[in-house]
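Each of the next two complexes has chain A plus one other chain: chain B in the first, chain C in the second.
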Partner chain A sequence: MPLKLVTGNHAAGYALSAAAEANRGARGAACGIYPITPQTEIVEYVAKFPFTKTRVVPVESEHSAMAVSMGASLAGARAFTASSSNGIAYMVENIMVAGYYRLPIVMVAVNRTLGPPWNIWADQGDTLMLRDFPWLQFYCEDNQEVLDTTLLAFRLAEDRRILLPALVAMDAFILSHTQTGTSLPDQADVDRYVPELDLPHRMRHESPTTLGGLVWPDVAMSLRLEIDEAMERVDEVLGECRKAFIEQLGRDPGAAVQTFATEDAEQVLVVSGSIATTAREVVRRRREEGERLGLIKIKMFRPFPESAVREACRGAAKVAVLDRNYAAGIGGIFCQELRALFQGDRDGLVIQGYLTGLCGGDVTPAMIEDVIADLGGRVEAGKPVWMGMADGKGGNR
Partner chain B sequence: MTALSGSPRDPSGTLGGPEAPAIPCTEECLLRPGNTNCGGCGMGVGLTMLGRALAEAGETCTLAIPACCGIVTAGAFPTTSYGVPTVATTFASAAAFASGIASIRDLNEETGQVICWAGDGGTYDIGIATLSAAAERDENIIYFCYDNEIYGNTGGQRSSATPPGARTTTTPLGKTEEKKDILAIMAAHRIPYAATLSIAHPEDFARKIHTALSISGMRFLLMHSPCPTGWKSEPSESVELVRQAVSSGLFLLYEVWGGRTYRMNLEPAWTDPAEYYRRQRRFGDDEIDLAATRRICRERFERLKVLAEEFPYEETRAEK
Partner chain C sequence: MVEIRIHGRGGQGGVTLAKIIATSRFLLDQSVQAFGLYAAERSGAPLQAFCRYDDEPIANRNLIYEPDHVIVLDPTLVGPAITGGLKPGGWILINTQESPEAFAERYPLNRLATVDATSIARDNRLGTRSVPIVNTALAGAVGAMLGFELEEMQAALEHLGFTGPNTTAAALAYERLQRLETPLAGEATAPAEAPTGNGTTQARPTCARAGRGPSFVEGAGGGLPGIQTGQWATEQPRRQQYVPPCNHVCPAGNDVQGFLQALALDETDRALDILLRTTPFPAVCGRVCPAPCMESCNRIQLDETVNVRQLERWAGDRGRAVVEPLAIRSEHVAVVGSGPAGLSAAYHLARFGYDVTVYEAGPEIGGLLRTGIPEFRLPEEVLDREIGRVMGLGVQVVTRHPIDRRELLDLSRAYDAVLVATGLQELRSLRLGVGDTDAVVQGIDFLDQAHRNKVRVDGEDVIVVGGGNTAMDSVRSALRLGARSVRVVYRRSRHEMPAIREEVEEALEEGVPIEFLTQPVVLRPDGSDETGRRRYHLTCRRMELGDPDESGRRRPVEVEGSDFEIVCHRLILALGQSPDMSVFPEGTEVREGERLLGLLETPVYAVGDLATNEGTVAGAIGSGRRSAIQIHNALSGAHVEITEHAERRRDVDIWQDEVIRADAMRLHLFERLPSSEGTAAPPEARRSTFDEIHMGLTDPAEAKRCLSCGVCNECDLCVTYCPEGVLSRVGHDLVFDYAYCKGCGVCVTECPRNVILMSQL
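Showing the complex of A and B:
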């Protein structure tokens, strides 16, 4: 298929619209939309798409955007939205509810620094804030992955074995506003790949139910367990969705965890999002110089792909985790996940956290070289290392 | 991960359980017996009247209910007092949730009203931005606010619908501010229909429901809802209290079409409001300036009457 030059936002808007259109033979689709830099182009794309059976509702806030999408979903339609940064923070209450109502809503998020200070550049703090909600979370490396993962997210989220909302994230500007060659599938291909939705618990006049009323602890607990069981099934269903994607669209949408040269690696870099492209290039170069370095890109953050990450780190003695996010008082969030994963399992493994590119800072090849140098000199892990600070602040602590 | 002890699953399944037989919309189907309302709750009476009007019109509905007594009324899972599809929305979101549901109903050319059933807190306060936006978009929903002038569900705190002088747990000395004029606010959105309702005037109540059912787009209904628990009144006097509110001119019955044409439904008898205040222990003895209250009520009525005379509803219809 020929490539077209499009931005990450365009890719997301394209995929959301095509997936919504693909449900025209069933109950249609709807979304609440509200703009925020750098997501605005996505909702503008959706607003002008010539849908057959979709209503785009331009609401007054992100909180209502998710509420409209939830109402549509409960009425049995395909539903989606998009947001970023403070918009996500404003939406939080309803983001949570979408998960607990088991509504397969797809939300594209453009990762942007939470303010204050006012800063519109890339930082994953906005979506990682949602890490304990019942949502699937994917972090994309490039525009093709944004498009493919968004389509895949509908199929995965709407699968009866899952029925959980899904979030597809991309870095602000680095992806959202940068054009790259991207393959845009035909509507017919999307129609085939994202089947029509039949939501089992949609509201029906024939069998009225009351959703969200009082539930005693024993049953409420079992609803939580059902979420946990659905999360456990994601690996398998994701595998099926990926396989079908490859077969039908002739391209790999990417695994939950993607590795580069980890087989015999002694030191491994763990990254997510657009940093992966830069880091892979540095690792490839150093490999050519004979160094036993490897790279792990974590694309799926929720559920956390425990076994794939464990397997990819098998031969490593040291791991550097590069986080473009900061959890106050503890450090990078991916780093905490890795430490929790290996705690009591491989206590000797050195897992060092690096805060790279926070608040939209550039993550350059030189910075990644610095990370590798720092990791190489370590015998044990310490506090997170702040990289790229003005005035040389931060550094080893 | 596995459960440590047997988890008590609902055998019918919380997701996609077997379909129950279809329940036609009957008078009892909106609010069934066994609901958890306090004795004398006006909201329960309002729901029953709404259910009756829907049944008469051969209509069914879906309810979107924000956090309020109205959702507590459902009782505990797996039982529910509501016989129609009902969803609990977040406190601020009823109108937006309903917009989503109604959008899909309309896309699929289906019937059935989508009704928000919300308290004054979810309407005048936390939900007002969402409601205002839904009104501005002229969403095809009925928004019903039962106004008990208090946050009942959380134990009786003030709202911006609480009248001056009323003691609540957050205005222990009595509220000093006026009550918001929510009907004027909604009418100012120029929505197709806005009306006030009283359970003490059941024929007028039913007629307005039927009017709302015959119109599409955003319809806003405001019901004065007696709340013995919050008003510290006798449950048996609930209907009498709201009757006195109407007869003394404290709560005016009127309708507004498109924010442009008006109809007054009743000229108050101008009975002494003292009795209304005396029967509710939320108002302290002799703390209300009755003369001022009477004057304010008169003024409000006169102003609306002028509008209704200058811009009567019938003429607009004749023009069409």
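Showing the complex of A and C:
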């Protein structure tokens, strides 16, 4: 398939639109949209798409955008939206509801720093704020992965074994506004890959029902367990979706966890999003110099791919986790996930957190070299290291 | 440790009762807990509250699953759920008027106590009448039941800030508590009703459930508990129907609201069909009825009355309906007189299936409809059409056949029933001191002559005496028959005129002067005028209004020295008529609806003006209908009701026999709309012709102004605004799903015509 030069936003916009169009033979599609930098191009793209059976509903806020998408989904339509940063913060109540309603809505999020101070650049804090919600979460490395993962997310989320909403994230500007060669599948291919949606609990006017009313604690808890079980099935269903993608579209959309040179690695870098590309290159160079370094890219954050991460770290003695996000009072969020994963399992494993590229800071090869140098000198893990700080508080400046 | 569970409804103060009990123990240095179990409570929702007390410190925070005692605040909650987990021998205290023995069979394992806390609370004005707060009274009852001192309970109340009536209520309940100490446990091995723990009540399961609930995806939203929110209701809406004022006042007994609502839906044929159930003469009444319905119309309080008369005319002129006998009967009925009362009676009797023969003294049937109402108000072809409807039912007519006393006896032998509807044949006159002169004529005769083209008054000055419709018809006919001048003399004022208001207005429009408060005294010949016609002087006297007479109108009193004279050629008397009773045996008392005695076995009834002296076409139609129904009931043993209300809707729960007044309507929910008058010929064009003045309405849209007072017309505002979605329209029926109706009352306040009533449960 020939490549086209598109931005991450347009890759996402195309994927959302093509997936929506693919449901034209069923109950169509709909989305509530509201613009916010750097995501606006996505909804602009969607709004201009010549759909057969899709309603694009411009609304007055992100909260309403998700509400429209939920309503559409409850009516059995394929539903989606896109947002970013403080827009997501404003949308939060309905994001949460969409999950507990078990609606397979796909949202593309462009990771942007939460204000204040006002800042439009890349930081995963906006979507990781949603880490405890019943949503699937994917962090993409490049525009192709954005496109492929968005298509895959529809198929995965809408699978009857899952029925959970999915979030596909990309770094602001680094992906959203950067044009790179990207393969855009034909509509016919998308039609084939994303089957028509038949939501089992959709609202039907002929049999009115109440969803989400008051239930006693035992029933409510049982429904939480149901979500947990759906999350448990994601690994298997994701594998099927990936396999089908490869078969039908001739390209690997990427596994939940992607490794580079971890087989015999003593030290491993754990990264997500666009940092992965830079970090992989640094690791490749250092391996050429004979160092037993490896790299783990965590693409799927929810559910957290425990076994794949554990397997990838099998031979390592030290792990550096590079987080482009910050949980106040504790440090990087991916780092906490790693520490929780290995606690009581491999207590000797050194898991050190590095805060890299927060609030849109550039993560350069030099910074990654500094991370590797810092990790190499450690015998035990400590407080998170703030990388790239001007006042010297952190490691490298 | 003692554990108590309280079953109540939201708003009754159950949680507070738990607090009061706990406080009474707390003040005695015991360890206590009081708490509620909260869910989706609203006022009236079943809820539970709990109280624990112990000499030792209480060390658990669970719900109470196996209470020592149970208290039931609301007698409607008495059911299996209240004994869930209750220890045998524990007390059950129920707020009820009944004695404990009434529950003994139901709860054989427990001690029982009852007290009417609701009455105590109401008597002491605690809460509202609909939701009395019974907790402080019950606190006293609990004290008596558990052997606490009243002072301990009152101390608890005081500690919690309850004073005055609450303290009184507690003391009264303490005193009035009835107890049944001995359970029937020896005779019964299990409770009569097994507690179910779950189910349709909102009661929490009696112990925590383990295991899986239904799926959110496959199980309708995660298996919402079957809370039938109708249980929360303390009031429920019921469908009611009132009598619309128009129906109530219609002398013919027409379902006015019914035919107007049919017209409002543009269903002219159905409107006519509704009218034909009560009257054979809608097109006639649509022209000549004084329409008391229009005076009583509630719409007057909003803007102006609905033009019912014109709408009845629309239905009568434009509607198509087939009238057929409802049965075939073998009895024969004679009707004497073919005016509106006689023909109405004949019509209804024929519909019941009787063989009816009408006897008419004159050459044509129709009575005063034909001879007494001029064509400019009631064209003959309209009358013929409607009479044709009566004849179409097979009614036989014998004309030129006056019935005297002897012949009435013959009829009563030959027929199974006889109706006499000869109207008002005796004409009132005036002694004017002049001998018999053809210059003085009765209005009725004048109109009859005019109808038969037997009279002209070209060039004459005509005076008409009277204030009724005959006076108006006479003076307006005289105008059309060539009179040089016309004038009405009436001894009372405009306000007292019995004529239809519109007819007075039309006469005035046509230039008829009316001398009010004027009484003719003497008529004297005054030679001849220039054309040789004999001329008269009429001496009149001015009157003033005194005290009301037996008719309720103010009595005219002569003003001394106010005489004046008017010149005229002709004096027409329209002073009213009275019944001619000579057809009946001496001493017969005539009352509508009562058969006349002394005429063999045959029922003989007097009908219409003869019986009622009521004087309108509509009244005569109504009398004829009522009499026909009475005869039918007498001959057939049927019990047909004489109704004057709207057709009873099938879905109505409560039949209100009273008339709904404007203040019971929600007039603010209606739009103000101007009424349609229909078109009429201009006064100058109609003075010289007997052509009908009114052309009627151009469409029936005027009917949409009908408010349908007190009768559901399926506007469905209630269905639209019901916040619970428990109201629906199934066919024509309004259906409440009481299982889920919380009794919020929005349907009541949104009903423009007050057909939904909240009733206490």
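Note that in this section the second predicted complex is superposed on the first by the 394 of 397 C-alpha atoms of A that agree within 3 Å, B and C clash if a C-alpha of one lies under 4 Å from a C-alpha of the other, contacts with A are read in each partner's own complex, and residues count from 1 in each chain.
Just so we're on the same page, a contact is a pair of C-beta atoms (placed from the backbone, for glycine too) under 8 Å apart; a residue touches a chain by one contact, two chains touch by 3 or more.
Quick caveat: nothing in here was measured; it's all calculated off a predicted structure.
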Chain A superposed: clash or fit between chain B and chain C? clash
With both complexes superposed on chain A, which partner does A:144 reach: first (chain B), second (chain C), both or neither? neither
First (chain B), second (chain C), both or neither touched by A:102: both
Let me test your reading of the model: by the given contact rule, A:69 touches which partner, first (chain B), second (chain C), both or neither? first
Who does A:60 touch here: chain B (first), chain C (second), both, or neither? first
Tell me which of chain B and chain C touches more residues of chain A. B
Quick check on the superposed pair: does A:200 touch chain B, chain C, both, or neither? Answer first, second, both or neither. both
So in the superposed three-chain picture, is A:223 touching just chain B, just chain C, both, or none of them (first/second/both/neither)? both
Have a look at where A:213 lands relative to chain B and chain C in the superposition and call it first, second, both or neither. both
Once the structures are lined up on chain A, find the stretch of chain C hitting chain B; candidates are 4-12, 94-102, 238-246 or 724-732. 724-732
Chain A residues where the chain B and chain C footprints coincide 102, 160, 163, 200-201, 208-216, 218-219, 222-223, 225-226
Contact set on chain A toward chain B in their complex: 27-28, 30, 32, 53-55, 57-61, 63-65, 67-77, 79, 93-94, 97, 102, 160, 163, 200-201, 203-216, 218-219, 221-223, 225-226, 228, 232
Going by the contact rule set out above, which residues of chain B touch chain A in the complex? 1, 3, 7-10, 14-16, 19-23, 60, 62, 64, 71-72, 74-78, 80, 82-90, 92-93, 95-108, 112, 129-130, 132-133, 137
Complex contacts: residues of chain C adjacent to chain A: 39-40, 204-205, 208-218, 220-225, 227, 725
Show me the residue ranges of chain A that touch chain C in the complex, using the header's touch definition. 100-102, 160, 163, 200-201, 208-216, 218-220, 222-223, 225-226
